[in-house]
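I've put the structures underneath this note.
Okay, so chain A shows up in both of these, paired with chain B first and chain C after.
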Partner chain A sequence: MTLRLQTSGSLRNRLAITLIGGAAILALLIFFAIRNYATQVALQGQDNILGASVTSILDAASIQNGDVEIDIPYASFSMLSTPFDDRIFYAIYQDDRFLSGYPDLPVATISDGEREFHSVSHQGEVVRVITASRTLIGSGKRTRIHVALAQTQDALSSTLDQISRTAALFGACFFALAAILSFWATSTTIGQLKNLTNSITKRGPQDLRPFEKPVPSEMAPLVTSLNSLMERLDHSLSQSEDFIAEAAHRVRTPLATVRSYAEATLQRVEKEENRQAVRSMMRAIDESSRAAGQLLDHAMITFRADHLERQDVDLVELVHELVVRMTPIADMKDLELCLQSEDKVSYSGDPVLIQNAVRNLIDNAMKYSPNDGKVDISVSSAPELQICVCDSGKGFPIEELNTLAARFKRGQNAEGTIGSGLGLTIAMDVARAHGGDLHLSNQAKGGACVLLSL
Partner chain B sequence: MRFIIAIALWIIPVALFAQEWEDRRLFNAQGTALRLRIISSTDTSLFAPVVESFVSQYPDISVEYLVIGTADINEIFRANPEAFDLVISSAMDLQLKATNDGLARPVPDLPHPAWAQWRHSLFAFTSEPAAIVINRDAFAGHVIPKTRQELIEAMRARPEFFNGRVGTYDVRESGLGYLFATQDARASDTYWRLMEVMGALDVQLYCCSGDMIEELADGTLAVAYNVLGSYATARIELKDTIEIILPSDFPTTMMRTAMVSVDAPHPEQASTFIHHLIALQSGPDANILPLPPLNSKLNDVKRATITLEPALMTFLDALKRRRFLAEWEDSVIQEQP
Partner chain C sequence: MKFLLVEDNQELAHAISSRMHLDGHVVEHAATLADATAFVETGEYDLILLDIMLPDGDGRTFLKAHRASDLDTPVIVLTARSQISDRIGSLDLGADDYVTKPFDHAELEARCRAVLRRKAGKSRTNITSGGIEFDPVAGSMAVRGQSVTLRNRELRLLELLINAPGQVFSKQKLSDRLFSYDDDASENAIEVYIGRLRKHLEPSDLKITTLRGLGYRLDNDA
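This part shows the complex of A and B:
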């Protein structure tokens, strides 16, 4: 019945992956952007201090008595103190002649008034070097002072590590938050679809009402299509039921006429051969008439089940009335109808439907019972409300127990018995319409048993 | 042949270290495993308890303790860093520059306050003030100066008495003297006035605190400036002869520092020695060390200690040093009128 649909991936996964993937990319971008920016700021900070320091050294340069004097201020190096005790190196040149400091420190060639920053490896460590120069003008003498000042980057890299950790933490938090939001958004979105699916799945087989709960606008076209599909289905179903009921009705009335003529003819015919033919004819007419009746019943039941109107009924009284009405027919077959019940079993349901169902069950039981047989009917309210009809016939074929209630399905042992195959279907439909079920079984001592639980 | 080798073996180290040491002592000579070589400016008598407690804890290590002036330490050590395991000096600036130049080996995992160490390589373990030390007899009946300014006034009051009887470091020879002088000059101009007054009084120049204390004790000197107070305090027998004055106008306090040579032959044991030294000065046995430990407060005065920072290298700059020494010589070395 349920067709396994081919699926092409999952909307939920696709949505989640897109959102989380986007969040991951954004988190990485944030991490690198913060880190990059912080690196620039930190490096700029070191450059600024180096710049200030070198400026103070150059400012202290002067020409005295024709000699270059540089009275390096204590603060020049003091301002380069860092919590990580970074090493400092410097070199002072006058017109490319080494004056003091570290002669092996690489000095950039720069033009006057410029300053240049670069990072080099010195004494096995990466150092940030600033090179700056100043022209001194003495009496009739111009000379250029170059100062290179370098500092290791221990404090800087420690700061960067710290910033990287913070940025990574920030990125991770952002990602986690975005991921949680993605899951939430995804499941909320998919939840609407699930709700729709659930409410459609939960419907009874006959329920073809349009879906009316509000849905998100994106799902509105789907639900509209679904509703219109169900409307058409409902329409065509009721059309065909109407058609069947009309057809059965139209067939039944002429059949009754034909049967009464056949009966009259049987009285008049004397030749045994002809009597036999007329009897066969009558039996065929009975069968057709009964089938038409049951078709009508079925159509009526389908309609009433769809528009179930419950009222309080006493099941015992209802069944008893039926038994009384059917006793004459039973007597014709020498059958005994035996009703066992409590005093009163109250139930809220459609009496017409229940009566119809029970009548079909008793009818079936009588049909399959041998002459002089007995049909046991019981009504009980505990442990659950149920009506049981058992006969003393051959019982149901075991392999067909589950399929017998289908429409027009007749048991293999039904040869030679009049019937349409709708009896059990009607009983089953009635039971289901009342929220109950129909249970078929065979008795140990022989004979079939049908349990209608409501 | 064997004789020649023996001669050669004897000559090579002697030739390598044909160095005049102020003092040289071998501790725990029977310690056969290895020998730590310590080059130091601290007098043996003041440092011996530390070495003795070390070798008693590590009996298979012997320690060779070599004493020489701070400026010489700088020269000798820079020329042969692989010849020494440990360098101990009172010249903070020279020690810091050596560390900056990569001559010190880091000793990680040593808990020590940040202000008392540099790059986990250079460790301070004493706190010693520069003091004015006077001969009590020379000031008998006179006001004892408490500040540099009062000292100037005291000397000006009796120029004939003080002439030739004042002493201080020769900053050209002594690393510690240069450190004290530059820090004083940085702090106040009073230093230069003091130097001019002392120069006018035919100031006697010394290489070391020990020599100044000796001459103060025998009365050759009446007053000495920038003497290591710790050395004078250690001479308990001179308590009645000399008096130690910690100038109250601005104090100059030095921290003695130790480091492991980057090319130390026995770096592990040298690190262990530093650990031992630091633990000793901060632990309950601090009085084993005759020198004042880091956290001691002298006279309850919060004394400004010279900071371990790269700025110490400023006055070691060749141009700056040349300029400073010229100025110093101008003040101190004057032709007698």
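This part shows the complex of A and C:
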């Protein structure tokens, strides 16, 4: 079961939005900067021509016979001609007296020798106006000439439009390129994370080796702490396995000593009541060692079932091996273990768990079988994969068929046999870990039957 | 039979040895892997009983070295750890079988017998007496040249009686040896096996005598 992790937005989206947003702002800035610069350059150009034009007009002014005479040269206006037929206005003043041109053209007040540029609205159009003045001295007279020259800005604005379009296109291209680049950068960055995620996801549940492939330096701290986490996990897992093994060792060795002494004593003791006492002692030892063993087995099985590691096994071979191993014990009771199976039944599961489950079932069957009895074991793959263990004993008490697999639960007719009540629980746990089930029943001819389906 | 017991727990080793002496077996005890190696090099054994956790190393290392050498003495591993974790490793390394501590001596004997039987024909312990030839390891018996199949309990009963001819065994004592302590074996069950064995022994000179109130005794009429 995987906990659904809470997410706080997507790193990829955040990165992409930041990068694309930045690119958009940059594109706009570029657009305005270019347009602004272009406007300035264009205006400067117009101003220069206007300046040259007004200079040539002023240069043409002279005092003839005491009168100011201005013969405006043709070139003064022709140099201002544009493909858009921009209109030209002018006004000439002598000492603030209007001489010629358009009297409504606004004129800036300036001091001698200075030039003044400004844009104003004239006759409904924006015009660029230059005002310049010159002081004429002649015939003992001193007079000041003011000239205002204005030009509409049709050509200029057309040029500016063109430049704006180019700048906009440039900005858009920049934006598109930057967006593509940021998508690429985002996915390569996230791709590294994805690679790491994939290679961790692909690992088996028992694979706690550190992650060793090279990673980008920014991810190194994450991978390092991941590795150290896995190391700690591995350590604590192996510690708990070791603990189970050690615990078993600590419990079983002294029990083995006591049991061996008790057996030896039983051979020597003659008095019936003493023999009875030793027998009771041995039963108690058997019971506690069996309980200890099964508790530890159960712990180990729970541990392994949580980290189920499936591998291909031949169930027939597995059960056969088990039957061979248990035959000496069966022989002691003159019991017959009879295995019926197909040639090969392949299954993908944890062989240690399955073997333990079946061992517990056969163990049970042998315990509850009468002398000279028979235990039938069958492995079949159709209609479903199952291992069946039937004995020739008294069978399960009918009212307890459904509750016997519960932990520490023993049948009412279990009096007089040694057991911890964990055998069926273990088998049930193993079946469930493999997605199967355990089914208890009684045979019509008598005897219990346990069906382990996988 | 001659056993080599490799076990570091002195108490347990002593207990196992004394229990096995009662059955007439010879047990030599090695407490460390180094001792065990020395014993195996100099002596000859029918079977090695090997503990896994030893002070100077893992019993499985010994097992591996033993299997690599040209000695084929069968090895039964005595394990105290979880059956699940140790099982596969020791069998893979070439142990012939294993028992989990604490073990029933009858079970250990049964396993020894099964292992020796599998190793086949190595038995030097045939007993010939009163017209029967008895091989306790193979579990086979021939009465006047006719081979007879014995069931396990008949075999053990015969073994007990034939090893101590003339000695009286009480029903209780026989029952303790034949049935495990968790069986509610009635003393009548012993009578059944005595009856079966008597039938097998009929053509021979051996006879099982019932001593009322005392038990049974094997006599040789010849």
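One rule holds in what follows: the second predicted complex is superposed on the first by the 241 of 454 C-alpha atoms of A that agree within 3 Å, B and C clash if a C-alpha of one lies under 4 Å from a C-alpha of the other, contacts with A are read in each partner's own complex, and residues count from 1 in each chain.
The rule we apply is simple: a residue touches a chain if its C-beta (ideal position, glycine included) is under 8 Å from a C-beta of that chain, and two chains touch if they have at least 3 such contacts.
The structure displayed is predicted, hence computed values, not measured ones.
**Student:** Examine A:R12 and indicate which partner it touches, taking first as chain B and second as chain C; both and neither are also allowed.
**Tutor:** neither
**Student:** I want to verify the contact counts: of chain B and chain C, which reaches more residues of chain A?
**Tutor:** Of chain B and chain C, the partner in contact with more residues of chain A is C.
**Student:** Give one of first, second, both or neither to describe whether A:S100 is in contact with chain B, with chain C, with both, or with none.
**Tutor:** Only chain B; A:S100 stays clear of chain C.
**Student:** A:R432 in the overlay: touching chain B, chain C, both, or neither? Say first, second, both or neither.
**Tutor:** Once the two structures are laid over each other on A, A:R432 reaches no partner at all.
**Student:** Which partner does A:H320 contact after superposing on A: first (chain B), second (chain C), both, neither?
**Tutor:** neither
**Student:** Does chain B (first) or chain C (second) touch A:I301, or do both, or does neither?
**Tutor:** Touch status of A:I301: second partner only.
**Student:** Please work out whether A:R252 is in contact with chain B alone, chain C alone, both, or neither, and reply first, second, both or neither.
**Tutor:** Touch partner of A:R252: chain C, not chain B.
**Student:** May I ask you to decide whether A:P83 touches chain B, chain C, both, or neither, giving the answer as first, second, both or neither?
**Tutor:** first
**Student:** Per the contact definition, I'd like the list of chain A residues that touch chain C in the complex.
**Tutor:** My answer: residues 241, 244-246, 248-249, 252-261, 263-264, 266-268, 272, 275, 279, 282-283, 285-286, 289, 293, 296-297, 300-301, 304, 325, 327-329, 331-334, 352, 356, 367, 371-372, 416-418.
**Student:** Within their complex, state which residues of chain A touch chain B.
**Tutor:** 68-78, 80-81, 83, 85-89, 92, 99-101, 123-124
**Student:** Which residues, counting only chain B, touch chain A once they are in their complex?
**Tutor:** Chain B residues touching chain A: 100-102, 114, 118-119, 186, 309-314, 317-320, 323.
**Student:** Where on chain C is chain A touching in the complex?
**Tutor:** Interface residues on the chain C side: 9, 11-12, 15-16, 18-19, 22, 53, 78, 80-88, 97, 100-107, 110-111, 113-114, 151-153, 172-173, 176, 179-185, 189.
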